[in-house]
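Note that chain A is present in both complexes that follow, paired respectively with chain B and with chain C.
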Partner chain A sequence: MASDIGLDSLIDQTISVITNDGRNIVGVLRGFDQATNLILDECHERVYSTKAGVEQLVLGLYIIRGDNIGVVGELDEELDSNLNLSSLCAHPLKPVVH
Partner chain B sequence: MLFFSYFKELVGKEVTVELKNDLAITGTLHSVDQYLNIKLENTRVVDEAKYPHMLSVKNCFIRGSVVRYVQLPPDGVDVDILHDATRREARGT
Partner chain C sequence: MHGRAHFRFGAAVVDSCAFCSFRMLSKRASVSLIAGTGSLQLPLSLLKTAQGHPMLVELKNGETYNGHLVNCDTWMNIHLREVICTSKDGDRFWRMPECYIRGNTIKYLRVPDEVIDKVQEETVKRPDRRPQIGGRGRSRGRGDDSAGRTGGRGGRGYQEEGGDRGGRGAARGTSRVSGRGGGGRGGSRGRG
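Right after this comes the complex of A and B.
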């Protein structure tokens, strides 16, 4: 039985991934498999803190193992450009507890 | 299989998915698969002030393994049909 929903529609789109350790990684989805392993191109990590604005760390071409994936969100570039990340303060996301 | 079929019946309804990292996302159920991975459309985070991390995301794929709860509309449950299906499933195993 093949997976009915895939991430097909998100291929070559900019996506925002939330990982199990509470990180937020933004990049272009190049590939995926049934285990939800992802290939993310041109990616960067967005680090949230309560003291300073969002810090963006450039990562490059990454494979993220499916075990570690929580949410894969389609990033709306328009909405994203309206955000002022340098003034956005927030608590970092909590890690996933099974 | 039972829950997979049950969720397929709920496609198009508004649900709130609470994840194991305490994040809660409300959206319209777009699709579900055999792993109970969930695709939501028109998403908004429940406590947006606390979790601005997904402000620019309106459609998302949630891996089944991180779901804690799926909050359903009160009229989303046909108890009798569910009971029958559960009994059938229990007999089968």
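Right after this comes the complex of A and C.
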């Protein structure tokens, strides 16, 4: 069924979104539509850098326009809580080039 | 269609389906509601409920607009009042009494947290409204039908309907054919 491959199964779950400008936004999916516009509740941005650990910026309630979404992924909360983000270094993602 | 189909049945069904008829904007939404997850929102409904609230809009070009939402539409075009625009690098600001932003230039919107609770309230309220409206409409339609039938004009009514449809269909058909013929003639004239 088509609904099995949609985002239905991710509703009210924590998801990780990579946007076209290279940001990583983590939050609870409250809604979406046919254009992949998303409602992300209690969300925060994870800012990666090679110099320091991951910085988490609290964003709150966001509506992200579908045009700007690269990847939507399910977040394993248990696995995620075991991460030591403050000691995690990574290159920031580059924005999508059209 | 979805809602209408349900309204034909008993009141109990209308009640239980009031929710999905409200959600009929998206077939998926009603599916997930039936599954019991229950709190799916549509982004544009959330935006609509955010009317009057302050919000931050970031455009694809990196500019941000802070203002109060006056109105929005299904394309996500938005009208803001008391706006402060910030340049991409965040070092220049412009104040403007109002602005209108085309939906497709938006990257994301940041809305106050309490707005999501408001939508949920409305989700609870709205199903009461919808079936009434739908019910009225349907009953009116049915009333006409049944009046026709009880008046002994049911048969004729049906025939008339059929005849009407046939007539319309024929009319359409002929108009199309003539249209095409005209086009063809035109074409042949052109060629000739």
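Note that the second predicted complex is superposed on the first by the 94 of 98 C-alpha atoms of A that agree within 3 Å, B and C clash if a C-alpha of one lies under 4 Å from a C-alpha of the other, contacts with A are read in each partner's own complex, and residues count from 1 in each chain.
Everything that follows uses one rule, which is that contacts are C-beta pairs under 8 Å (C-beta built on N, C-alpha and C of every residue); 3 or more make two chains touch, one makes a residue touch a chain.
If you're wondering where the values come from, they're calculated on a predicted model, not measured in any experiment.
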| item | value |
| --- | --- |
| Three-chain arrangement built on chain A, chain B and chain C clash or fit | fit |
| Superposed arrangement, angle subtended at the Cα centre of chain A by chain B and chain C, nearest 10 degrees | 80 |
| First, second, both or neither for A:Gly73, with chain B first and chain C second | first |
| Chain B versus chain C as contact partner of A:Leu57, first or second or both or neither | neither |
| Broader residue contact with chain A after superposition on the shared chain, chain B or chain C | B |
| Minimum C-alpha separation between chain B and chain C after superposing on chain A, in Å | 14 |
| Chain A positions touched by chain B in one structure and by chain C in the second | 3 |
| Sites on chain A touched by chain B in the complex | 1, 3-5, 7, 10, 16, 18, 20, 22, 24, 36, 46, 48, 66, 69-77, 79-80, 83, 88, 90-91, 93-98 |
| List of chain A residues in touch with chain C within their complex | 2-3, 6, 8, 11-12, 19, 21, 30-34, 37-39, 41, 59-65, 67-68 |
| Complex contacts: residues of chain C adjacent to chain A | 25-28, 31-32, 35, 37, 39-47, 60, 76, 103-104, 106-113, 115-116 |
| Chain B residues touching chain A - in the complex, by the definition given at the top | 19-23, 25, 30-35, 37, 39, 43, 50-63, 65-66 |
